[in-house]
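Look for subunit A in each of the two complexes below; its partner is subunit B in the first and subunit C in the second.
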Partner chain A sequence: MHSFGYRGNALLTFAVTILAFMCAIASFSDNFSNQTPSAQIQILNINWFQKQPHGNDEVSLTLNITADLQSLFTWNTKQVFAFVAAEYKTSKNSLNQVSLWDAIIPEKEHAKFWIQISNKYRFIDQGYNLRGKDFNLTLHWHVMPKTGKMFADKIVMSGYRLPDAYR
Partner chain B sequence: MGWIGETVDSIKSIKIRQLLTQAITLGMIVTSALIIWKALMCVTGTESPVVVVLSGSMEPGFKRGDILFLHMTKEPIRAGEIVVFNVDGRDIPIVHRAIKVHERENTGHVDVLTKGDNNDVDDIGLYADGQFWLHRHHIMGRAVGFLPYVGWVTIIMSEKPIIKYILIGALGLLVITSKD
Partner chain C sequence: MDWQGQKLAEQLMQILLLIAAVVAFVVGYTTASFRTMMLIYAGGVGVTTLITVPNWPFFNRHPLKWLEPSEAEKHPKPEVVVSSKKKSSKK
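Then we have the complex of A and B:
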């Protein structure tokens, strides 16, 4: 009853239980953080807008992205994954979401940023419906914790429109 | 030497009834573990409620050896969700993020393109020949939570099976020689 084996076993079980409990509490504490992120996206230029040989529209844009995601970081945050997606509706598809740019933000200091880039991923439609299309640009973020539950949310910015003709 | 003598003595002194009781207790433990696993499968709606991250394609968020908790609902797949999917013909699940989603009007059929956060290119190279999109039936679940490092046990046991056998052998010996 008091052998080394029994004591070792009891100690190990207790340690694992306490560790699991601590991970759960750490994750639970994320629910209490007050999150006020903000962002703005501007389309500086439509670089080109063509119909590809296989029939799908493709557009290349230069975006100006300003964001402040510092309030998303808690003590239990490992990184925040942010991405900008263009969202629009066509007659064939009720929803299209195309990711244009993403970034991994490892620390709170890097979470307030201003960046001007052309789209990292190709903006290609399923079909040729993009002329004159109204679309939203949504900044999504995904908070990845050190342990526990992951949180995701987004800011939708609407009012963007693609040109009526190819160029 | 005295420990070996004790073990041999205790094996010799086993009574049938005690052995059967121990076998049944072991059986109960195994079946309870199975019940908990199946219940988890029901609650989370996916066939594998817990997966181990095997590659570094989602670093620094998920490192090799982390475990992910999955959940699958009828909600449609949206961009940004971390999905776990199987490619036709391969049985290793892949954990990547959905970057493009095209959902059809009415039928709810959805085309999804995924990419690992740490990869430079999207996953078209990983899909089957001629396949450009994932569909709903490929996706096993969405990652909703994670625990670091715990999955190393599984990785070690599958890469060096000898450790699995040693562990089971030691457990078996412990069960036989314990006095309760």
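Then we have the complex of A and C:
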């Protein structure tokens, strides 16, 4: 500790080490937050349902998505990434997940929303299995922190069914 | 700085940084503001730098007693002697 450089270096190293610990504790404190998100998805309309030239089924839906994700936000949250996936089973795959819509929610105020849109991403099957298919619509979310661990969870909504014939 | 001063500087640095970190975390957590925590901690690091890095007088309260120049002249340094005996032994 005999010179400016020596003391300055020791101080800087110690300060950054403590900063790392503070960020770790801040991330750990996220485990204690009480999270009660809710969501509802309604299929308003099946716009069209066709078999594409290369043999795969495709369907276009209009969705009505209502969600309240405000309780997911903590002091250590940078943004929440939410997406809706259609999930169903076929003989070829035990689980198919097709992402239909997603959004980045940067602030708590924007986390309670109601949106009516047609699917942002195309709902195309691997094959032609969609006629009369029962499927779930699952709202997944990733809570992205300012520092530390990212938490991901979902709400599964079941009971949706595609028509038995092409339209 | 003297030895006591260096020890004091190191201890002060560690204590002040820890206190700044604890205060920053508690205030940040209770106000749910990550930004506040970072600002308070940055302020704490700045204050600690001002207190412990410069060579303040209170770090020099037990100064080392170096030998006075007039004393040093009375005790000249021993001269290095290159003797012929050494040279012959190296053969």
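We take it that the second predicted complex is superposed on the first by the 166 of 167 C-alpha atoms of A that agree within 3 Å, B and C clash if a C-alpha of one lies under 4 Å from a C-alpha of the other, contacts with A are read in each partner's own complex, and residues count from 1 in each chain.
Quick note on the criterion: a residue touches a chain if its C-beta (ideal position, glycine included) is under 8 Å from a C-beta of that chain, and two chains touch if they have at least 3 such contacts.
Bear in mind that the values here come from a model prediction, so they are computed numbers and not experimental data.
When the two structures are laid over each other on subunit A, do subunit B and subunit C clash or fit?
Here subunit B and subunit C can both sit on subunit A without a clash.
So, A:P106: does it touch subunit B (first), subunit C (second), both, or neither?
first
Report for A:K146: first if it touches subunit B alone, second if subunit C alone, otherwise both or neither.
After superposing on A, A:K146 lies in contact with both subunit B and subunit C.
Of the two partner chains, subunit B (first) and subunit C (second), which one does A:F4 touch, if any: first, second, both, or neither?
Only subunit C is touched by A:F4; subunit B is not.
Which angle, in steps of 10°, is spanned at subunit A by subunit B and subunit C when each chain is reduced to its C-alpha centre?
So the C-alpha centres give an angle of 40 degrees.
Can you tell me whether subunit B or subunit C touches more residues on subunit A?
After superposing on chain A, more of subunit A is contacted by B.
Considering only touches as defined above, state whether A:Q79 meets subunit B (first), subunit C (second), both or neither.
In the superposition, A:Q79 contacts subunit B only.
Touch check for A:F32: first (subunit B), second (subunit C), both, or neither?
A:F32 sits against neither subunit B nor subunit C.
Determine, under the contact definition given at the top, whether A:L95 touches first (subunit B), second (subunit C), both, or neither.
A:L95: touches subunit B, not subunit C.
In Å, how small is the closest CA gap from subunit B to subunit C once the two complexes are overlaid?
Comparing every C-alpha of subunit B with every C-alpha of subunit C, the smallest gap is 13 Å.
Counting contacts the way the document defines them, which residues of subunit A are shared by the two interfaces, the one with subunit B and the one with subunit C?
Correct list for subunit A: 146.
In their shared complex, at which residues does subunit A touch subunit C?
Contact set of subunit A toward subunit C: 1-2, 4, 7-8, 10-11, 14-15, 18-19, 21-22, 25-26, 29, 74-76, 146.
Name, in rising order, each residue of subunit B that touches subunit A in their complex.
60-62, 76, 78-82, 97, 99-106, 111, 117, 122, 143-148
In the complex of these two chains, what residues of subunit C are touching subunit A?
1, 6-7, 9-10, 13-14, 17-18, 21, 24-25, 28-29, 32-34, 37, 41, 45, 48-49, 52-55
Name, in rising order, each residue of subunit A that touches subunit B in their complex.
On the subunit A side, the touching residues are 23, 27, 78-79, 81, 83, 85, 91-99, 102, 104, 106, 121, 126, 140, 142, 144-150, 152, 154.
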